[in-house]
Amino acid sequence: MASIVEEFNVYRSKMNEKMLVDNNKIVKRIFNLDTNAFTAGTLPKKTKELLGLGNSMVLRCDDCVRYHLEECHKLGLSKEEVVEAMSISLLIGGTIVIPHLRRAYEYWEALEAQV
Amino acid sequence: MASIVEEFNVYRSKMNEKMLVDNNKIVKRIFNLDTNAFTAGTLPKKTKELLGLGNSMVLRCDDCVRYHLEECHKLGLSKEEVVEAMSISLLIGGTIVIPHLRRAYEYWEALEAQV
Amino acid sequence: MASIVEEFNVYRSKMNEKMLVDNNKIVKRIFNLDTNAFTAGTLPKKTKELLGLGNSMVLRCDDCVRYHLEECHKLGLSKEEVVEAMSISLLIGGTIVIPHLRRAYEYWEALEAQV
Amino acid sequence: MASIVEEFNVYRSKMNEKMLVDNNKIVKRIFNLDTNAFTAGTLPKKTKELLGLGNSMVLRCDDCVRYHLEECHKLGLSKEEVVEAMSISLLIGGTIVIPHLRRAYEYWEALEAQV
Amino acid sequence: MASIVEEFNVYRSKMNEKMLVDNNKIVKRIFNLDTNAFTAGTLPKKTKELLGLGNSMVLRCDDCVRYHLEECHKLGLSKEEVVEAMSISLLIGGTIVIPHLRRAYEYWEALEAQV
Amino acid sequence: MASIVEEFNVYRSKMNEKMLVDNNKIVKRIFNLDTNAFTAGTLPKKTKELLGLGNSMVLRCDDCVRYHLEECHKLGLSKEEVVEAMSISLLIGGTIVIPHLRRAYEYWEALEAQV
């Protein structure tokens, strides 16, 4: 069951590497900013990851949702907290968000199934 | 050929159940509204399903398109009527709608292939 | 009160003319298709205008909403029918549709206030 | 300076009333859910408002941004916290978010200028 | 006639300054990248500005369109070239792009009317 | 490795045929315009394909990206040029564009691996 997590991460790492090797300045800096943006600032890291998750959900980006679900899981956020954040995105983004919510539930389950 | 219909419905039902078991109030109510919104009102049920289909198409949500195609098929809407509705979405939403139209055609064919 | 209708139509006509004078083939053909798409076909004209309205609403295009509200009004669709169509767009598109719904209500009122 | 706040709220209240008077079931329930979704749950109210703000920002809905800025301001969130949340939306949503960020800054300033 | 150009630029500069004074690292770096991205690279500056214009048009961001129209005008791109780029965005993005095209025409006219 | 190219093209051709056989006027004309829009005009064909690519990227349409990558490749555009165009889309469209960039890199590699 945990294999969708592994599969996603293997593909993600492999392709990110190819993109960074290319040395395009904009791509490199955006990647860099992406790492910086989710470190603790005035807002705690947990809030920032929930923001990343919520934003990704209304924009309906499955891979972005997966990435932030994984970070939320690592930080020890509970399923209830994560679902509450996503339910706000469902209300704001409408029922077209539902298919992405289904896939998010599946991914969260896979994260929990990992040892 | 009909298996993409079955596959979609099995996954959809399984994940919807997991989401509803969770008892998040917003999720439950949105699901509830979703059932209510497409019953006959001032507008007939057929018009409402065509609206659901058209809206899903311009928002480029394949799973939502599939769901409404299936409802349209059950209500006895013809392929010509369904295609006419989708062609308006193509014009309004532009050529980025085309890949979703291709998949809609494939799904409709699978619906017709079912006994 | 009816002046937002007039204002919209004057600006729209003036700018459309400037665009068509330019003789860009794609622009001209898209405009042409736009006229054709909403004539009666397998689906009646009223259904097509409701589809145009619903699609415009989930895509959150105020000017497109106004245009289709006006066509709906000319065809004699009732406020209740128009609101029912827009309520489906609200559910599918989420609460970010609300500001556009407010402006649609204002425009419909202006249409009704015209002699 | 505070007048853009007042103007927004007057228009918003007036039109919301007209929409609710109409008694469309979906519209009424979505409005109801909207009130419920931002009360404290597993996540504190402040986090929920930041989520509402962030989601509205990536979806580029100025009126939604204004509404959540106002709620954030009432809850005593600092400008730095609010800007940090919006900066995540800028990174995720890209430079097309910038015009909305400009207007958010203007609105926040107007909120602070109120007595 | 040229006043919509001036108005836009005055507001844009004033608000950008307020945002940059704030010293949020992500905001500052994104602004910085934005300046860098449109300098000549493997692709000439003109092509990059047309890309900025086209992307802004399909994303339906009026302020972004205005900014890139102005850069295109400064670089000496002709109206015909600019319209051709925008017509591709119209086809790809659909008729919901039309209202933004109308406003782009108006802005270009104002740019040409400047001494 | 080249098989994702073949797979995409086989499916695309098969479904396009089914759509065109249906004889819906809007669908046929949009397809027709799509062919016309990318022929050389005031702007050279290469610039037009880069515009098609960039627009598709910010709209996050993988199939559209693939199509334009293939056209760019046929026209002899270099990887560096194509990446530069896509990097502008990344900046304008934000980090939600990243998953589509990963898949674009994979597709370009498959195009280069073809004999």
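Each chain carries a letter (A, B, C, D, E and F) given by its place in the written order, and its residues are counted from 1.
What we mean here is this: a residue touches a chain if its C-beta (ideal position, glycine included) is under 8 Å from a C-beta of that chain, and two chains touch if they have at least 3 such contacts.
The shown structure was predicted, so the numbers you read here are calculated from the model rather than taken from an experiment.
A.B. asks: Over the chains that touch one another, what is the least number of steps taking chain B to chain F?
C.D. replies: The distance in steps between these two chains is 1.
A.B. asks: By that same contact rule, can you tell me which chains touch chain A and chain E alike?
C.D. replies: A chain counts here if it touches both chain A and chain E, which gives B, C, D, F.
A.B. asks: Please identify the chain with the largest separation between its CA centroid and the CA centroid of chain C.
C.D. replies: A
A.B. asks: Sharing over half of the contact pairs with B-F by residue number is what counts; pick that pair out of A-D, A-E or A-B.
C.D. replies: A-B
A.B. asks: Measuring between mean CA coordinates, which chain is farthest from chain D?
C.D. replies: Result for max centroid distance from chain D is chain F.
A.B. asks: Between A-B and B-D, flag the pair that has more C-beta pairs in contact.
C.D. replies: A-B
A.B. asks: Express in whole angstrom the distance between the two chain centres, defined as the mean CA positions of chain C and chain D.
C.D. replies: Computed value for the inter-centroid distance: 27 Å.
A.B. asks: Quick check: how many Å separate the C-alpha centres of chain B and chain E?
C.D. replies: Computed from C-alpha means, the inter-chain centre distance equals 37 Å.
A.B. asks: Quick check: how many Å separate the C-alpha centres of chain C and chain F?
C.D. replies: 31
A.B. asks: Residue numbers in chain A touching 2 or more other chains?
C.D. replies: In chain A, residues 25-26, 30, 33-34, 37, 56, 58-59, 64, 84, 87-88, 90-93, 95-96 touch at least two other chains, as defined above.
A.B. asks: Quick check of your reading of the touch definition: is the inter-chain graph here a line, ring, star, complete or other?
C.D. replies: complete
A.B. asks: Which bits of chain A are touching chain E when the two form their complex?
C.D. replies: Within the complex, chain A touches chain E at residues 25-26, 29-30, 33, 36-37.
A.B. asks: Show which residues of chain A lie in contact with chain D when the two form their complex.
C.D. replies: By the definition above, chain A touches chain D via 30, 33-34, 37-38, 41-43, 47-48, 50-52, 54-59, 64, 78, 80-81, 84-85, 87-89, 91-93.
A.B. asks: Quick one: in the complex, what on chain F touches chain B?
C.D. replies: The contact residues of chain F facing chain B are 11-12, 15-16, 18-19, 22, 24-27, 30, 34, 56, 59, 61-64.
A.B. asks: So in the complex, which bits of chain C are touching chain A?
C.D. replies: 58, 90-97
A.B. asks: For the complex, give me every residue of chain B touching chain F.
C.D. replies: Checking each residue of chain B against chain F gives 60, 79, 83-84, 87-88, 90-91, 95-96, 98-99, 101-103, 105-106, 109.
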